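Data first, discussion second: the structure below is written as structure tokens.
A, B and C are the chain letters, set down in written order, and residue numbers restart from 1 in every chain.
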């Protein structure tokens, strides 16, 4: 377990955290403003990646694919909102869960029909190929560094939007007290469309970036969705700051746990036993973390409401 | 004099900059009907909430029946003999009136981890519930879904639920709010009949009812008790008249 | 979905007969299947009945207690793994492994429920989902017991040294007996003092606190009971396929269970059985038409939620499905 290895895994953890943040940000705002549980947010991530596959095939350029995929993800998110989600805002959570689950079933299968079940991919753009040297001559891929940086940049952009603009102010107020915002004469539905479309685009952005390093396959959004739930629960529903902090924590804890848990157990028990116990504990780690946070703070680290 | 059944000592509660209960100290004598009056926003409901355990005070102690109950949750205070009705009707809408009361009788009975025997067939619970419904004049509506009762009947049902728990202290938060004249009179008669058998702390706006029932009146303004005494003394108190009664009369 | 209009959901008219009729129909299946030379039907229906047990257990907490648990498949999986792992250690006797499966499901429900039930609403949904996923990934990482690939059992559970369950028909009737017992138990439970508290908390939590109930304790016990019942379903499922795999615990399975309960009508019990039959039969039929059956099922589900609330159970119960 060298310092380089730890550094690489910390960077990998940050990169996962950034991806989770992009997915969780839209989710948490939608929860906060509309009290709407959208299981189908994960498929926005998947669609982002698939759209990029197609647009890369058409244009041959990663960046063109990125821009087109973002626009298409936005359009698709708004279409879903128009067709399905807006009819669910006044329903109870069980209805929302069921209908958005139906959307997942449809889209996961739809993707399988259109693009096939086999994993797809598209290459890293030439501009971001190569590695950045770390210590001991080890390098870290530039593309992954770019992912981290663009994720952080998005976080800053979001922070500015939420704290410095009128829409952001309404979103924050909406997360704290939706009825008050409605009473102020703001068209809360239009506000929600904006939030929703933006959230869909962020998830799509995460999907496009993930495409070249993870495999693009049906259902790829499901695991990310549940991790994003864990992030939101830890961070506090409706809180962008909470989502950011929790996403980085989850990314780091999960990555480092999977990398080093077995080795840590080997210092305490027989290697054979450690090989069994280590991975099991590592895969439970973030959920145990969530349980711990909830035990002490049932509304998360940065609860948005009730202040 | 015997120890008061309820003693509030230095109770305080604030929501942000808004102080709703301000270093409040008062006692309620056992067996009395004690009425709490005050203008809207005086903090009456918040005070009832703190006594019943729904709201945690920021400071101060609550003693009930010789015990400090400040840190007990609502359900534990209930079991010590503290029952309440709510200003905003709080019932189980799809249970029948009888079931609403029977479930409270079951809570009072104390054995609810019973998994197999049908509760609806337990004569003891149903009889207690029926008796309580009769007390408030709702016996003829026992089989009706509570959600389908009229507003006045729901208010009566709330009191029947509280009574079946055989409380030592009954907290009633504006039980007559929104009811008709006739229903109010019946409720006054019901409470009158209960006088002496238990202690009642009543929040009420209807001045006819207040002066008909009260053994003692406390006047709450901005979270403080500004006057406390027998009805005649309160009626004559100039400060009360200007702060509250006068305002009512002007309306 | 729309709140049932009666607290103890006394079935009216035909609805009273739904469960007995279903159970009698189930009892006739092996004979009919033999007569019609459709041997696979027996196996298919025993799988449906196993999921009906799981759906029943979910209906207790979801339908009667309004606890929308999105991790229910984990309890089934834990029950299945208890039997599977025991078999890997050459422990075959159902008198030991079945109680282990139920205890396993109950224990997981106790520990996770103690945390989940401190929260409500979307938090509860997300956290049960997360714990379900935890169970899934933990099972996937058990490399000694097959990991991702799952664990093959080399036979079915024994009973005091005999192997009656190897006979498909005997196994079928054991499953049916379990389903009938669970139904009778659940029926008694929801009408009992305990059940009345659970429904009361669903109706109005504050009211129940104000008459002296601690909702948390009752909800947790209900959650544990549901976990144990689902654990039993898992033990049966492991025997049914003689194979256990993490996919039993996948979150889609939890979603399927919710669909079954809602499709049949929440808070009716017989609706859960009906829903399991309808959902799994539909899956069977649609998947014969096309492997991409979900592309039809997804929109169907959305339409049901948007336009036909209340479920099948209520249609048969004589009430309108409109909500």
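Methods note: contacts are C-beta pairs under 8 Å (C-beta built on N, C-alpha and C of every residue); 3 or more make two chains touch, one makes a residue touch a chain.
On a predicted model such as this, the values are computed, not experimentally measured, just so you know.
The chain closest to the protein's centre is C, with centres computed as averages of CA atoms. With every chain reduced to the mean of its CA atoms, the largest distance from chain A is reached by B. The centroid of the Cα atoms in chain B and the matching centroid in chain C are 43 Å apart. Rounded to whole angstrom units, the spacing between the C-alpha centres of chain A and chain B is 50. One simple way to say how far apart two chains are is to compare their mean CA positions; for chain A and chain C this gives 31 Å.
Not a single residue position of chain C touches two or more of the other chains. Of all residues in chain B, none touches 2 or more other chains.
Residues 31, 35, 37, 84, 87-88, 91-95, 97-99, 101-110, 112-113, 222-223, 226, 229-230, 232-233, 237, 275-276, 279-280, 282-284, 287, 290-291, 294-295, 298-299 of chain A are the ones that touch chain C when the two sit in their complex.
Partner chain C is touched in their complex by these residues of chain B: 52, 54, 73-76, 78-79, 83-84, 86, 90-95, 99, 103-104, 106-108, 111-120, 122, 145, 161, 165. On chain C, the positions that touch chain B within their shared complex are 3-8, 185, 188-189, 191-197, 199-200, 203-204, 206-214, 218, 221. For chain C in complex with chain A, the residues that touch the partner chain are 1, 62, 68, 70, 112, 115, 118-119, 121-123, 125-127, 129-131, 133-134, 137-138, 140-144, 251-252, 255, 258-259, 262, 266, 292-295, 297-302, 304-306, 309.
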